[in-house]
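Letters are used for the chains, namely A, B, C and D, taken in the order the chains are written, and counting of residues starts over at 1 for each.
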Amino acid sequence: MSDVKLPEVKPIDPRTRMVARAARDITPGMVVNLGIGLPTKVINHLPADLPVCLHTENGMTGIGPTLPYEKADRNLIDAGGAYVSPVSGSAYFDSVVSFALVRSGRLDLTMLGAFEVAQNGDLANWKIPGKFSPGAGGAIELAQKARRVVVMTTHTDRKGNPKLLERCSLPLTAERAVDRIFTDMAVIDVTPEGFALRELAEGVSVTEVIAATGAKLILPDTDIPTF
Amino acid sequence: MSDVKLPEVKPIDPRTRMVARAARDITPGMVVNLGIGLPTKVINHLPADLPVCLHTENGMTGIGPTLPYEKADRNLIDAGGAYVSPVSGSAYFDSVVSFALVRSGRLDLTMLGAFEVAQNGDLANWKIPGKFSPGAGGAIELAQKARRVVVMTTHTDRKGNPKLLERCSLPLTAERAVDRIFTDMAVIDVTPEGFALRELAEGVSVTEVIAATGAKLILPDTDIPTF
Amino acid sequence: MKLPDKSTSLEAAVARIPDGATVLVGGFGVPGTPFSLIRELQRQGQKDLTLVKNDANEAGMGIDHLLASGQVKKLIVTHLGLNANAIAMMNDARLEVEFCAQGILAERIRAGGAGIPAILTDIGIGTELALGKQVVEMNGKPLLVEPALRADVALIHADRADPFGNLAYAATARNFNPPMAMAATIVIAEAERLLPLGDLSPEEVETPGAFVDQVVELPEISEDYGVVRR
Amino acid sequence: MKLPDKSTSLEAAVARIPDGATVLVGGFGVPGTPFSLIRELQRQGQKDLTLVKNDANEAGMGIDHLLASGQVKKLIVTHLGLNANAIAMMNDARLEVEFCAQGILAERIRAGGAGIPAILTDIGIGTELALGKQVVEMNGKPLLVEPALRADVALIHADRADPFGNLAYAATARNFNPPMAMAATIVIAEAERLLPLGDLSPEEVETPGAFVDQVVELPEISEDYGVVRR
C-alpha cells in the first residue's frame, strides 16, 4: 500500500503555489469569504468533497463556479463582479444580513490582499494617500470581524520593498487583525511576539525571506516545511 | 334622487355605535393597526371597497376576515391570537420588520384600549400595580410611534370613575401620545389646551359627558354633531 | 465543495444546552414556538435557564412546562398576558421576569445577531421601562442605550429546512424566529420538513444556514402545534 | 377593504423628487441598480442631490450619468473602485465624497428604516473612518455612534412587484435594496414585472408594500441591466 503514489500537482508559478497552499487552510465546516483578486483563486484548489460554505459580502452563501458571459445570470455576481453560479443549498440575502454574518462571528475565515501588514497584525489594504483612495468597501468589517484573517500577498511590492513591516505606514484597514500571511516566499504567522516563519516556498531560503521582510522574523527550532 | 333613502343601520348598543364611529376615521390609503379587544371590531365597519392596509404587529399586512376554527390556518394569527386570513396582496414578515414599520412612521393610525388618558395625551393601558402587570407587549411602540393614536374606551370604569383625567395615576404606556378618544359617550380630541369635545353619542348630553370626565372639557361654539 | 450537513436528532441537539444557559425561544403565541425542542429540554432537565421569548405561551403549553418543572431562573419577555401560572410565579417571586417593549426585544436580539453592541432609542422614555437604563445624548436629545441580546442557544421552529440549516417559515410563524436564528452561539432549528439540499431555492431561504448549527426534522407535528380552541 | 394601488409611470414617480433631495439608490455593481429611474432622474434634471449608494457604478453607467450631468453635490458610498470618473471628480474637489464601511452603511440605512436613531459599533475604531465620530462608553469599552441614515427618496430595483408595492428581488440584486426600501419618505420602486394583486404570495414578499409609495413597471429591460463583458 505504501508504494502507491498519489498524483502530485506541483505548480511552477510561485503565486499559484501560494494559492494552493492557502487552500489547505480551509477545513471542513468553515464559512469562508475570499477577497477580490488572488484569494478568489483559492476556489480552484478546494477538493470537490470538502464541506465548506463560501460567502460573498454582496449577499450570497454557497458560491458555485464562475460562469462564462454566455451562461451568466445578470443578477448573480460576487463582490468582485464575477458572474458566479449557485450550488445545492445556496442562499441569497441583502447587505444587512450579509454583514450581520461577518460581524457576529459566523464568518470563520477571510482571505484578503494587503499593501502592508505589521508585526502586531495591523492591516493596510485600502488606501494610498494621494494615489489610491477608492474606499474600503467591506474590507474593514471582514478584517476586523472574521474569526480568522489570512492575508495573501507577494512578499514584496513591485519595487522590491517589503510589505511585512514593524509598523504600517499607510492608513489602516483594521488594527491587530491578521492571523497568518501567505506569500510567494513563505507562510508567516502573526504571534504575540511578532512574525513567526512557519513554512517556506520551494526553492526559497530562510535568508531570502529575512532579507525580504521589514520586521524581525521568529524562526522555528525545528525543520521548516516547504510548500 | 334626493328622496332615495340609503339604508341606515343604527346599532343600539353604545359600544357598537362607538366602534362604527371610529371606523369612519379610517381614510383611504392608511396603514392601520387595531389593538386587541374593541379596536379589532372596527374591521366589521369598514366599507368593502376602502383602500386600506391593516397591520398586525406579530408580522402581517393585509389582514382578511377572522376564520372559524375549522377553517383556521394554525400558523396564521393576529397579535390577539385570532385566526385571520390573508387578502390579495398580504405580506408576512418577522417581528423586526413589523416594528420597523411602526417606529419609522409608516403606521398612519393605531387604535388602542386605555385604563386612563390624561388631558396632555399621556396614555396608561398596560399596568395596574399590584393587580395587573402582564407586560406591555407592543403597546409602548404603537402608542409612541404611530402617526395618529386613537383610544377606544368606555368613558368611565366599571365603578363609574372617569378614565379621562387631568393626570394619569397609573404607570404610563407613552407620554403625550393620544390624539383622539372614542368613548361610548363622546368623541374627544386631545388638543394643546386639553380635552375638546367634538361629538356626542346619540342620547347623551353635554352635562353627562362633563360629569363623567375627570378633567376640563373644552366645548365647541357651534352645534355638537351626534354619532 | 459541498455544504456541510448539520442534521441531527432532537436528543443530540438539545443535549448541547448546558445548565445555566441563556436560551432564545421563537414564537408569538402558538405559531413559531418550537414545542418539540422545548419538550425535549424539559425531558433532559437542564436547570437555571434564562429564557428569552415574546410571551410565556399559555398555561400547560410550550415554555410553561419549563416554568412548571422549575428549570427557569429568569424570563425576558414582552408580556405574560395569556399565562396565569407565569404571572403567579412572578408575583410569588419564584420567577424573575424582565419586561421589554416588543419591538425593542426584537431589535436587541437582531443587534446580537448583527454584531452590533447596542442601539440607541427613544422607545420607553417617560415610562418605567426606561428606569436604570444608560442614557446618551445625540443632537441634544436623550436616548436610551439598549444593549444587544445574544444568547448561548436559540431554539427555532421552521416550516422547511435543508441539511445545511437554510430555513423558511410559515405565515405568522416567523415572528421572533428569524432574528433569534442569527443571535446565539448554538442555533438549533426544528423543521416540519427537512428537504434534500437543493430543494429549498436560494430565493426562498429566509435564514441562511451559515447562522444555524443544528437542524432537526420533526418526526410528527404534535397537537401542541394545532389550532387552539379557546 | 382592499389594498391601495400605488402603480404609476416612471415620469410621475421621479417628478416627486425635489432639488436638493437626499436619494438612496439600490444596487451593488449592476445587479439591483434602478437604471431606468436613474435615467429618468437625469432627464428631469433635479439638482444638488446627495446620493447614497454602495458604489458609483462604472464610468458611463447608472449614477455616473448623474455625476457627469452635474446633478450630484455629494456622494455617500463604500467605494468608487470601478468608476475612474468619480475618483477624478473627487480628487478635483468637484464632488464631495463620504466613505462608509459597507456593512455600516447598510446598518445606518436599516436603522433609518427601523426608526432607530443610531447604532453603537466598534467597526472602524483605529482607522481614519472613526475620525470625528461621537464616542460612547459601554461596559468600559469605547464605541462609535453611527447615526441612522434616512433619506427623502429611495430608488429601488425589484424583480417582481404588485400594485400595493410588495416587492421581491432576484439573486444578488437584493444587496442594498431591501434596507433602502424601508428608509425614505418617498420610496419609489421600479419592477421588471408588475403582477396583479395576489400573484405575489405573502411568503414571497421581501419588502412589504406598506413601506413603498410608488411602483413603476419597466416597459423594457434595457441593455443597462445586462451582463457586462469586461
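One rule holds in what follows: a residue touches a chain if its C-beta (ideal position, glycine included) is under 8 Å from a C-beta of that chain, and two chains touch if they have at least 3 such contacts.
From a predicted model like this one, the values you see are computed outputs, not experimental measurements.
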| item | value |
| --- | --- |
| Chains touching both chain A and chain C | D |
| Approximate Å spacing (C-alpha centroids) for the pair chain C, chain D | 32 |
| Distance between the centres, which are taken as Cα means, of chain B and chain A, whole angstrom | 58 |
| Chain B and chain D: spacing of chain centres that average the CA atoms, whole Å | 36 |
| Per-residue overlap in chain A, given as positions that touch at least 2 other chains | 60, 92-93, 96, 99-100, 102-103, 145 |
| Residues of chain C touching at least two other chains | 107, 114, 116, 122, 170-171, 202-203 |
| Chain-level touch network, classified as line, ring, star, complete or other | other |
| Every chain pair in contact, whichever chains are involved | A-C, A-D, B-C, B-D, C-D |
| Contact set on chain C toward chain A in their complex | 1-5, 112-116, 150, 162-164, 166, 182-183, 197-198, 200, 202-203, 205, 208-211 |
| Interfacial residue positions of chain B with respect to chain C in the complex | 56-60, 69, 72-79, 81, 83, 92-96, 98-100, 102-103, 127, 133-138, 140-141, 144-145, 171-175 |
| In the complex with chain B, residue positions of chain C that touch it | 28-32, 54-55, 77-82, 87, 97, 99, 101-107, 110, 122-129, 159, 169-179, 225-230 |
| Interfacial residue positions of chain C with respect to chain D in the complex | 107, 111, 114, 116-122, 134, 136, 138, 141, 143, 145, 147, 168, 170-171, 202-204 |
| Contact set on chain B toward chain D in their complex | 28-29, 31, 43, 46-55, 60-62, 86-93, 96-97, 99-106, 145 |
